[in-house]
Structures are given as structure tokens and as C-alpha cells.
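So, here's a batch of structures to check.
Consider the two complexes below, in which subunit A is the common component and subunit B and subunit C are the respective partners.
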Partner chain A sequence: MASLSATSLSFKAPSIQSTRISQVLRKPSSFQSISFGGFQSSKSLRLQISCAAKPETVQKVSDIVKEQLALSADTALTAESKFSALGADSLDTVEIVMALEEKFNISVEESDAQNITTIQEAADLIEDLVQKKPAA
Partner chain B sequence: MEEEKKFVGGWGKGNKMGERRPEDICWKERWVDVGSAVRLLDLSAMSQMQRSFSIDLPSLRLPSRRETHLWYILPDEVKSTSLLKRYSQLLSQTEKDRVDQMRGDELKKNALLARTLVRTTIARYQTNEAVDPRSLMFKKNMYGKPELDWQNCNVQPLHFNISHTDSLIACGVTVHVPVGIDVEDKERKIKHDVLTFAKRFYSADEVNCLATILDPEAQRKEFIKLWTLKEAYVKALGKGFSAAPFNTFTIQSNPGGYNLCKTSEITANPLEETKKCNGGWKFALLELADSHYAAVCTEDDQADEGAPMRVIVRKTIPFVEDQLILKEYFCN
Partner chain C sequence: MAAPFTLRKIGVPPNSANLTEARRRVFDFFRAACRSIPTIMDIYNLQDVVAPSQLRFAISSQIRNNAHVTDPKVIDLLLFKGMEELTDIVDHAKQRHHIIGQYVVGEGLVQNTGSKDQGKSDFLKNFYTSNYF
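Up next is the complex of A and B:
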């Protein structure tokens, strides 16, 4: 994926707290729209107005990713972990998205599905979709 | 039960044992041309297979129009640390950084082999003078598809595309038209129910086709084949997945080969959805190393519409050896 990684801006500390701060700092990077998945201007807009995902969501996503990619239970995953760096190909990514849809009872657009590259992005998308669901 | 065919839609069969190409004076090869019904190589033929060795990178004849050259590496065959070190010296700093980002030694090694395969293969197609693989530069098209920056480094304009799994890394090369390839392990297990997955992502016609296959294992295999073909198309198109969502096109399986049908909804009435099946794209589906499905997709040049795609497959270990695996025609 050709998305601009803003790791040069974010803190490298592993805790979720600093990740949340770095997410806010990362806002100006509308360059995220120029990725292999086509223009994502609506997506980066969504990231600007919503907060970073809750730690529990990130944890649930990590668990699903570990299962799909058959990673050992003690593999250290952070919110910034990239699917491709973990060995996920496009078929894995789609399967992860399907598992997330089942787990969170949401429906992901295919164009969004193919463009999730990190655990953070998956968690953000999930929370956004959960939020948008009409109240039960 | 569906009989597993080795190569789909091939013609131009015939045994051509021991043929040497005139231009390969230093490059001795023997190869077996395999028809679609013949199993590839028994053990005795394998031991007679003469492998080619070279210290440097022997140059290659460019693919002709309608030809795709498909190269692959089996990571398990590359064990030498000194060879891997030599490979890492070919990479750009950006590529080295990406290799380092991979989690775990196996993934790092495969990422290294993938970039090595691309650089060494493309360098060999340069006809004027020998090109240092390190000197090749790459860029991305506006959608992010990696391309050879041929203008800036004075090399032949080639199209290429990579795909890899844990156990096989492949690179397709063409000259005139864009190419996309995808490889998948034949035994890859899908965690979800195949039809559920297909209904979610594939086109209605493809779901119907899969639903007619009653044996779960045969159904899974067909699902994987379709996946590779669809991926190969999207990668050949080069506009990202949003440009061609999987459920907007059908890969049709015919006795002669594979065809692309694009679904276009002309009116609001879904019953009037029409399909254009004269494609504009050529497909080939093959098996590599007895373990993987490989799909190749190239754009149809208007002058070539309907003509078969020729695929030449070679297994390689860069700087060490090449092995010509097959030459085959694939019809639409």
C-alpha cells in the first residue's frame, strides 16, 4: 500500500494513550487519499472528525488478525501493525474484514475493505460503522 | 468429480524434448513441452533435466507481443546466507527498509526474494548493454501500482507484476500491454464457508457456478482459481480495487479458457443488467510447482483480440540457475 505513513510525526511509545495523541497529530495528512485503493477523501475526512478507536476495539481486531494469519498468541501487535508486514495478502485482508463484520455486526463497503492496512484503521472503521448504525 | 487439468485451454502441444534455442549458445537447457493432459515430469525425466548455471545474469530475449514471461522462485530452495546477502545488496534503501519492516525471518526473506526477482529479471531483458539490477528505478502509477521507471534509467519499457505466497514468489513480464498476476497455494484453506464468501464478494454468475459444484474440496479449488483470476485482472487494470470491485465483473469459465464479463447496469431495473463478455483481456490459469495456481491477465491489444496468450514459465534462483518449465498457449 502506498499510503503515507506518518510515523515520523507520531510517538513511538507502544501505549494506546500516545497512539490516540498521534492519531490527532496525524490529521493533516490528507495524503492518505493517494493510495492503491484510489482516492479516499471521504475516508480521511472521517478520520478527522472521529476519535481514535477504543482500546477494546483494537484488542478485538488484533485477536481476529492473529487468528486469521495464524500468528502465535504471544505475537506483539500494536495498533500500528500493518497487515502486510504480518504476511497478510489480499485474501487474508478480505477474510479479516468478514470476521470483523461478523464480530461487530456491521457491513463494510468493498472499497473500504480492500484499503484497510493497519489494525488502527480497521478499528477506526469499525467504530465509525457501529456508531452509524441505527439504534436497536 | 471434476478432473483436474494441469493447464487450461492450451493448444500448440507436442513433445519438444531437447530443443535448444539458437540464441542460447551458452545457456543450455532441455525442457519438456507439456500438453494439457500430461503430468509434468516423472522422476527420471527430472534427473535428466539439465540445469543452467551462470555466474552473472545472462540476458534474455524480450517477450514478444501476446507473450507473458512468468518467473518464479521457491524460497525453500534458497538457503545460502551468502547468496541472500548478495541479493540484499541489490535493493534500494526504501526496499531494504520495507524488508526490515516485515515481522519474522521468513517474511523478511520472502520480501527480499521478491524484490530480487523483480530487479534481476528486468535487468536481464535489457538488450543494449548489461544493466546493473541496482540501477533500476521504480515508480507508482497514480493509483499506486508499481511500475518500472524506464524513462529515467534508459532501459527497455517493460510491464511487470509480482505476486507471492509463503512458499512461492512470482513475477510476470510483458512488453506491449499491462500484466497482472496472482498466485495462491492450491491447498489454501478458507476460514469462511466458500459460498458465503462468494456471495459477499463475487458476482452473481460466479456464485451460481460455484454452487453447482457439490464436492466441497472441488468447490474450494474453483473458488481459489477464481480468486487468482479476479486478482490478476484487477492488478492488470492497475487502478486499485475500488476501480473494479469483485462483484462487478465475472470470470467466465469456458471449455477453451477464461473470459471477462463486465456487468453494467444500464437502467435502474436490475433485470436489465447487461453483460459485456468480449472482455478486452486475456487470461491464463496454470499450476506451478504442483502446489500453486497462477493466473495471468494481460490487456488485449485491439490488433490481437481473440489471439491466444503465450506463457513461458521459468523457475529461477537469481545468479544461480534458470529452469525452463513450459511454453504454452492459452485461448479465451
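Up next is the complex of A and C:
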């Protein structure tokens, strides 16, 4: 786990397994169309270029955020909405991360949790952790 | 299943140097408390009484009560007391009715409600301190 966070900041050759490198590639919106489902079966594929997390995950994250921040049911929540824009302070953000930990049965490290500011990032991190977890 | 979380008892660490570190400690404490919630619900059989999200909310509202504090030493002391409380609860040193009364039902014990001295009128404050004002 330590090596993963270390490589997240350096741009080494793509052969090293680093899902954070995909963050740089994420910016062009043309990548959105690549479906994430195609990469799920091959666990040997190290570099994941696809950036869009599954829509169900994004939906579940949005539900938790709405419940935590007590937003009305018809508030439009896009994947790019920032937590701070929705009226969450830093304690709320930590609470949302804890709620996601409980819901998806994952364990988020503190270094990962610092970078979460939008719903999309949260969903992506969840997808990463759910994949990395050994299948029970 | 994520590895079960155990509360490790560390000795008293040195004071936080600045507000940023105190802030980091607050979040670490909050994370430790939230990760202990499944254990707490198991110990005190709270499965039918309360949901984990309600307990998380109770913890965060207690933290928010003191959100206006700016002195790192005061924050450290509050965290120390919070950690003491959390350790007591996880060690089963409390009983079910304590947990339900303090964290589940409404505002809990009357003495603990609200932050001190907010919203009190000046008249009352003077009245409590002395007879002559």
C-alpha cells in the first residue's frame, strides 16, 4: 500500500501498476465512453485507462451524500459536484467517506481520503478498492 | 470483509503544534470512533435500536459542538476526553442504558446539551456570577 501512494505522484512508466496515473488521462472527456465493464474480468490488466466508474456506484454515492447532507430528494447531483459546493464542511466530508466505507465494506486510507472532493472521485476510489479487495 | 478495526491504546502524545495538526487529530479520532461503531453495536446489542449512521451523526454533532475552539491545547484536551469516553465504551465499561441515553435518544442527558454559555442572556450570566450588577 505504501508503494502505491508513492508512485501516485511520480510519472513512471505505465507498466507499473498505478491506477492514479489514470487520473491524468481522465481529463479529456472523450474517454468517458469507454465502458468500465470490459476491464473487470481481466485481473491481470494493470493499467486501467478507463475513467468512468459504474453508474450504479455513482448513484449509490449520490444517495449517501444526499442523506448525509440532508438535501432534498430532487436536488440535481452530477458526478462532478463538489462536496463543498453542496454545503459540506470538512467534517461532513470525513463522515461521508466513513458512510461509504460502511456501505461498500472497504477501508479507505487517510492519504486516499484527502483527495476526495467530488462524487466522481469518490466513486472511482470505491471501484478501485472493491477491485483490489480479495474476493471473499 | 474489511479487516476488523481494533482501538489501539497509545500513551498521551505531545501537544499539537498548530491548528492544522489539531485538525488532523480530530479527523483521526472521528475515523477511529466511526470504525469502532460495529463493535459497539455488537457489544451493547443496539442492532434494533439505532442505525450506524445515527451513531455517526451523534459523534459528529458532539465534535461540531466544539467547532468554534481555536486553541490547539484546548482541542487536544477535548480529544483526550473524547478518546477516554470512546475507550470506556469499547471496553464495555459502560452499560446499554448509558449509551442509549447519551447518544441515541434526542439530546441525551440534560447537563450535556448545547455548548456552554451560548444563547444565555447577559442578565442570567450576571445573575449567576454575583448579586450585584
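The working rule: the second predicted complex is superposed on the first by the 85 of 136 C-alpha atoms of A that agree within 3 Å, B and C clash if a C-alpha of one lies under 4 Å from a C-alpha of the other, contacts with A are read in each partner's own complex, and residues count from 1 in each chain.
Just so it is clear, contacts are C-beta pairs under 8 Å (C-beta built on N, C-alpha and C of every residue); 3 or more make two chains touch, one makes a residue touch a chain.
Owing to the predicted nature of the structure, the values given are computational and were not obtained by experimental measurement.
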Touched subunit A residues, subunit B compared with subunit C: B
Which of subunit B and subunit C A:E95 touches, first, second, both or neither: both
Contacts of A:S72 with subunit B and subunit C, given as first, second, both or neither: neither
Partner chain(s) touched by A:N105 [first = subunit B, second = subunit C, both, neither]: second
Which of subunit B and subunit C A:L86 touches, first, second, both or neither: first
Touching partner for A:Q131 - first (subunit B), second (subunit C), both, neither: neither
Shared subunit A contacts, counted only where both subunit B and subunit C touch the same residue: 68, 90-91, 94-95, 98-99, 110
Touching residues on subunit A, where the partner in the complex is subunit C: 67-68, 90-92, 94-95, 98-99, 101-102, 105-107, 110, 133, 136
Partner subunit B, residues of subunit A touching it in the complex: 1-2, 34-38, 68, 75, 81-82, 85-87, 89-91, 94-95, 98-99, 110-111, 114-115
Footprint of subunit A on subunit B - complex, ascending: 101-104, 107, 140, 142-145, 164-166, 184, 188, 190-192, 197, 200-201, 227, 231, 239-243, 245-247
Complex interface listing, subunit C residues touching subunit A: 1-3, 23, 26-28, 30-31, 34-35, 37, 52-53, 56-57, 60, 63-64, 67
